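For clarity, chains are labelled A, B, C, D, E and F in written order, and residue numbers in each chain start from 1.
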Amino acid sequence: MNMMIKAYRRKLDVANGRVDLSHGAGGRAMGQLIEGIFHKAFDNDWLRAGNDQSAFSVPGGRMVMTTDAYVVSPLFFPGGNIGTLAVHGTINDIAMAGAVPLYLSASFIIEEGFPFADLERIAQSMGAASREAGVPIITGDTKVVERCKADGVFISTAGVGMVPDGLDLRSDAARPGDAVIISGSIGDHGVAVMSKHENLEFDTDIASDSAALHGLVADMIAAGGAHIRLMRDPTRGGIAATLNEIASQSRVGFRIDEDKIPLKPEVAAACEFLGLDPLNVANEGKLVAVVAPEGANAVLATMRAHPLGSEAALVGHVVADDNCFVQMTTSFGGGRIVDWLSGEQLPRIC
Amino acid sequence: MNMMIKAYRRKLDVANGRVDLSHGAGGRAMGQLIEGIFHKAFDNDWLRAGNDQSAFSVPGGRMVMTTDAYVVSPLFFPGGNIGTLAVHGTINDIAMAGAVPLYLSASFIIEEGFPFADLERIAQSMGAASREAGVPIITGDTKVVERCKADGVFISTAGVGMVPDGLDLRSDAARPGDAVIISGSIGDHGVAVMSKHENLEFDTDIASDSAALHGLVADMIAAGGAHIRLMRDPTRGGIAATLNEIASQSRVGFRIDEDKIPLKPEVAAACEFLGLDPLNVANEGKLVAVVAPEGANAVLATMRAHPLGSEAALVGHVVADDNCFVQMTTSFGGGRIVDWLSGEQLPRIC
Amino acid sequence: MKYIDEYRDGRLAKDIARQIAALADPGRSYHFMEFCGGHTHAISRYGLEDLLPANVRMIHGPGCPVCVLPIGRIDAAIALAMRPEITLCTYGDLMRVPGSNGSSLLKAKAAGADIRMVYSTLDALRIAEAELEREVVFFAIGFETTTPPTALALKAAIAKGLGNFSIFCNHVLTPAAIQNILESPDVRKLGTIKIDGFVGPAHVSTVIGTEPYEFFAGEFQKPVVVAGFEPLDVIQAILMLVRQVNDGRHEVENQYIRAVTALGNEKAQAEVANFFELRESFEWRGLGEVPYGALRLRPQYVAYDAEKRFSMVTPAAKDNPACACGAILRGVRRPTDCKLFGTVCTPDTPMGSCMVSSEGACAAHWTYGRFRERARQVDVGRAVA
Amino acid sequence: MKYIDEYRDGRLAKDIARQIAALADPGRSYHFMEFCGGHTHAISRYGLEDLLPANVRMIHGPGCPVCVLPIGRIDAAIALAMRPEITLCTYGDLMRVPGSNGSSLLKAKAAGADIRMVYSTLDALRIAEAELEREVVFFAIGFETTTPPTALALKAAIAKGLGNFSIFCNHVLTPAAIQNILESPDVRKLGTIKIDGFVGPAHVSTVIGTEPYEFFAGEFQKPVVVAGFEPLDVIQAILMLVRQVNDGRHEVENQYIRAVTALGNEKAQAEVANFFELRESFEWRGLGEVPYGALRLRPQYVAYDAEKRFSMVTPAAKDNPACACGAILRGVRRPTDCKLFGTVCTPDTPMGSCMVSSEGACAAHWTYGRFRERARQVDVGRAVA
Amino acid sequence: MCLAIPVQVKEVLPDHMAKVTLDGVSKIVSTALVDDVRPGDYLVLHVGYALAKIDPEEAERTLALIREAAAMGDAA
Amino acid sequence: MCLAIPVQVKEVLPDHMAKVTLDGVSKIVSTALVDDVRPGDYLVLHVGYALAKIDPEEAERTLALIREAAAMGDAA
């Protein structure tokens, strides 16, 4: 008689149940939550091994590691949810080094009272996103905090990947004359999330662009690896923040052309509603590449051949500039600076 | 004239300032927070490179990866704070695989209104802990959420390390006859934290045992690597949870001896106050090792020679048991089961 | 730890156990009920059973206020806590006790109820003072030990004019429960079950003294030994009971003389009497309605009585009919006699009162003692034929 | 985007700019003030300056209600918001505006004040209805455009009998500010500064119509062209102003005929008149006290007037004396004339009103235009000798 | 100041509200300040309230004037 | 039921409170239910309230009886 095994475990009532403090206390309830929701959704041998860490073989070489916390609100939005973001976003930060993402970890901070159903939906979409990307979630952690000490669920993912031999993308590598390529339309993610925001609620078909970009990156490197100076995914702060970061890290300026920046009409319209500049709005499935002039066409053509880069566009060039200004020729024909947004991105009236 | 650089940046008022939503918005305020507090505290070349990920060279072999979220409340407690825990805890999960911890990532979720001074104190102690352990924090992320949507600060760390060639510790490796060794006194961490808990507040000199165990582990492996079956750090749920986990994963039982378990008198007294069993109380600088009988003495002696294992004790043995019971001979002479704690560890009256 | 460690000395225990074995008549068996969950816990936690001879058997009584609280009272507390204006303060023990349909205070909290665990009534008072806009209800539960602190909290609330503090009173009385057990048909019916004596409450007795037990000792001709909660206290009390049985005595003896007197804590008794009065009847989970088995607030304190103030109703709620708790609490059956034990019913998913708190008979056996099942092929101590 | 994209056609703009260059007398310079921050924003955002000939220069007026709000009003709002019973609702624009000692609503929120960003007064009303136990104060700010929505919210609150809703009124009036600028000594004094005409407000004029500008055109002999906020609207208005100047005319012309009439939105005017009355005087940051430059609630609505209801005081608070905003708002100086510009004073750490909102003259220049500094070695358009 | 955008009325709702749209993005706003709102009308929207109607003929007239000025410039 | 522990009074505080200790762990508790509390006294502490004093002589007497019983057992 095996009483441990015989002991009946009431099934998680995923449809109606909620996370309570016992699910974070290190006892059987926690084990059941982790197995019944996370392991089921992420399903792989590493998690089944049940260790506090997971092991894998690596070849020698250059590895990258990254992490991001995901705190998006609302948790579900057109085109994705916090879970898909947590997978895509961390894969993308690995891919931006030109690296092949290998493994992810996921740490969950769950607010007491969070519905199992929502947690399962999030976990399932993380599992699906990770399988689709071929990057398994091999280790994780679960904590439960009291009501009103979190906001539903927060997810921190970390990831590792291997950089192809000889590749060395760095944030200070942009040189005057380099081409600036954006992989597609800007602002989709930020607008999709804001459209579901409590006080702002507006109706639109815009979906988040949330996507894993490592496939696109692999193609780009195959086509023009030697010419790619650096890549960035323009998330928080939008391409304005990304270009300014690169400018100050590489001690260069940019001159871009507003007309060339892909922008969906609905996103432009939503930005008009909210008084926002799409250049400041977040993306979750786009990249900015700085490419040596001689490789720009090849890289651009390769990107356009990939489904996630079909609208890729060469939007401008790196220029020498001690001030590290990002300048833009407006579609109107004038010039302006593209600056970081000061403070939080607030819907403004004026 | 370089206006970007010339532009005066008001110094972070660390003494009186607070984190507000602009510090999470991807603009200059965020950059200043990250540089002024985190980069300063963690100080290393990887962070200074300013990429969204950090790169390092790895030799080929077996690597481990782990993550944990830290949500301890209160944030500061005798013997440490949430930051030291976040460094030690993740290093320990790597070390429990017998691996040499190499690098950490850290992701911060900060509640609007959190004092800079507290954040700096936490970051500084993380930096110190990581330097002392020789495991740098090479990449990170910062998010700010609205008041009452977090609890001061949450930290998720992830870590990677390399497993020495030939070593393979697994949770299902315990075999009847193996020795069970605990590296030191139990329950110190949980009691230290609870002593500062709002409704429970009691006075005691007990400090958390929070410590990085990879040095101890390295010595153990050098001394008896081939004999060590597995290691675990008995954190949430205490050694009761850890032994039960191992028992069910290895399909064995344990028989341990209460008299042999190191326990500080103050910890015992605090447990009496709270009606808790020290076996269920969390540790953050202890490990449980299951060692083949022929290696037990060598491993134990090595542990005792290390400052973090000076009170190490052989507390019992693995037994064959289909029920996977963890049985204990009480100091009183009777037998009992040591079970997981059901539900949350609540101070109880009866 | 002074006054603790001395009473946990295992070597002395083994010797006393040997003395018990020497005195116990091999031709008969001895069944003693420890009324208190505190004793049940000590017996299980320290593995006392392993020290006793096979013919001396402990029966775990109903002395855990968490266990005997009827499901309906939990349901009522949950319904109250779900009201937006209410802050329910409770001892941590109650958080996981299941109400109807798998509910519990822990789950109600997860579902949004404002429920706070407190260590003391002092904490509940502090909350009421700090949050004057909230209705702070203290979920009062416990035996004679825990009632005086509730009385003092009420006294302080009145003195401070705290209009937002009230009490959901579930305080119960030890003597009434012991009497109920002794008067139950299966216990009275000769031959079905035999209780040879009682280990009397430790801390309850610090308040009520040893005198209240004189009635049982006389009326039911059962020895009673009031004992401390440390394992040596318990084993010494068992020795004292064996001696009484062998001598044919049925006296009230006091093993816990260091803290218990004949009359108890009269100050505490007076505070309780000031604020509480007997309920004619109150349901004890597992035992059914127990006459005069509980307290309620006196009518003049109706404003502080949450049941009245918030027109609380206690819904009828039945335990799983397969649950054998009633019989277990009266010593008629043992946890392992229950079909649900260890399968459907575990401390993670308790189905009956004895599994609810770690001091319940079933929970104590599951948590500390279930390894003994394998060894015990023939149940020598089994009382039911 | 209908009625947007047509007015953003850069090719047409270049041609009109060429026409402006052709018409502008090379022997003189033209200084036009756009009163509105909306125009300032459009000029900077689209780089209109790059299209205009060097002798046609735009002066950025005080038409941003965020910029002209005195520090003391922000301080007062912060003090109010820090009161535990208050929920302060505000348009997002105000969150980062610095009060005294580096404070702001954003920081007050971080320090625990209950401050909610709203998109519309409708949201503030909803909050008041949903949280009846809170005192919900709407931090009302804005010109004639934003005042009618405040009036309607007040009307709805009264109709619903919402006793927990009130308004901290900071609504200001455009014509008063224009008059103040034209009457300022440095503007009047011949030779120091020259404003050759005004680009009149777009959306303010949808409410007040074009008629109120007739007075200025006549009294001060300045042409006024009311213009839309799209860049082609602005450039066409500039062309119309150049023509008037060349012709020696000083008329009120309406470029924004698609939305603005002579009399404006009389319904909106009536709603405002029902609830608001003129303040004798009100401080405009950068301009000082402006007579009849702002509105307050009529006395019969004192219960809804947060200033009265909560006995708010507006502390005196001074701008940095080195800040040149006053002169900039009157067109006497330019942002880069200020020693603090781009060093101590940036949009991240604004020291004066012109840096506070992206529509302020200094902020617009910093955010969109500061790259021009290098190119502009000789400041041909500089008005101050 | 006074960010405002032209939106088209999709649907007139009770209580002086309307569903308005701009290039596939729609929102419910107050039309209490404007009389006689009908589906298809264009409104100037500011902080959730329509401030004015847009007159399509005047809008076209403005564009004509702009084109005319541009043509002169082009010729210049 | 009724978890209670023996604690020693370190300091008598106003309002029937006292600072008590058990092996280096101390806490402030109510002594309102017990008369005449003095530093050095041992109390039975339950849910933040002292329920009784511990009589040191009786405690010793109990131990003596226990030892005596054990001695008999040992001899048995």
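Here is the rule we go by: a contact is a pair of C-beta atoms (placed from the backbone, for glycine too) under 8 Å apart; a residue touches a chain by one contact, two chains touch by 3 or more.
As the structure is a prediction and not an experimental result, all values here were calculated from the model.
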Contact-graph distance - origin chain B, target chain E = 2
The chains touching both chain A and chain B are C, D
If you walk from chain to touching chain, how few steps can bring you from chain D to chain F?
-> 2
Work out the mean Cα position per chain and let me know which chain is farthest from chain F.
-> E
Separation of the C-alpha centres, chain A versus chain F, in whole Å, is 60
For the pair chain C and chain F, the C-alpha centroid-to-centroid distance in angstrom is 22
In angstrom, rounded to a whole number, how far apart do the mean CA points of chain B and chain C lie?
-> 38
Chain-centre distance (mean CA atoms) for chain E and chain F, in whole Å, is 82
Two or more other chains are touched by the chain D residues 1, 4, 11, 13-14, 37-38, 64-66, 91, 96, 106, 119, 123, 142, 146, 346, 348, 359, 370, 374
Touching two or more other chains in chain A are residues 1, 3, 21-22, 27-29, 265, 268-269, 272, 323, 325, 342-344, 348-350
On chain F, where are the residues touching two or more other chains?
-> 1-3, 5, 22-23, 46-47
Got a list of which chains touch which?
-> A-B, A-C, A-D, A-E, B-C, B-D, B-F, C-F, D-E
So in the complex, which bits of chain D are touching chain A?
-> 1, 4, 8, 10-11, 13-14, 37-38, 44-51, 64-66, 91-93, 95-96, 106, 116-119, 123, 142, 146, 231, 346-348, 357-359, 366-372, 374
Touching chain A in the complex: which residues of chain C?
-> 96, 102, 106-107, 109-112, 342-344, 346, 348-349, 370, 373-374
Would you mind writing out the residues of chain E in touch with chain A in their complex?
-> 1-3, 5, 22-27, 46-47
Over in the complex, which chain A residues touch chain B? Could you list them?
-> 1-5, 21-22, 24-30, 49-71, 73, 93-94, 96-97, 99, 103, 105-109, 138-143, 145-146, 148-151, 154, 156, 158, 160, 163, 170-172, 232-233, 235-238, 241, 245, 248-249, 282, 322-325, 340-345
Please name which positions on chain B make contact with chain D in the complex.
-> 1, 3, 6-10, 13, 18-22, 27-29, 112-113, 147
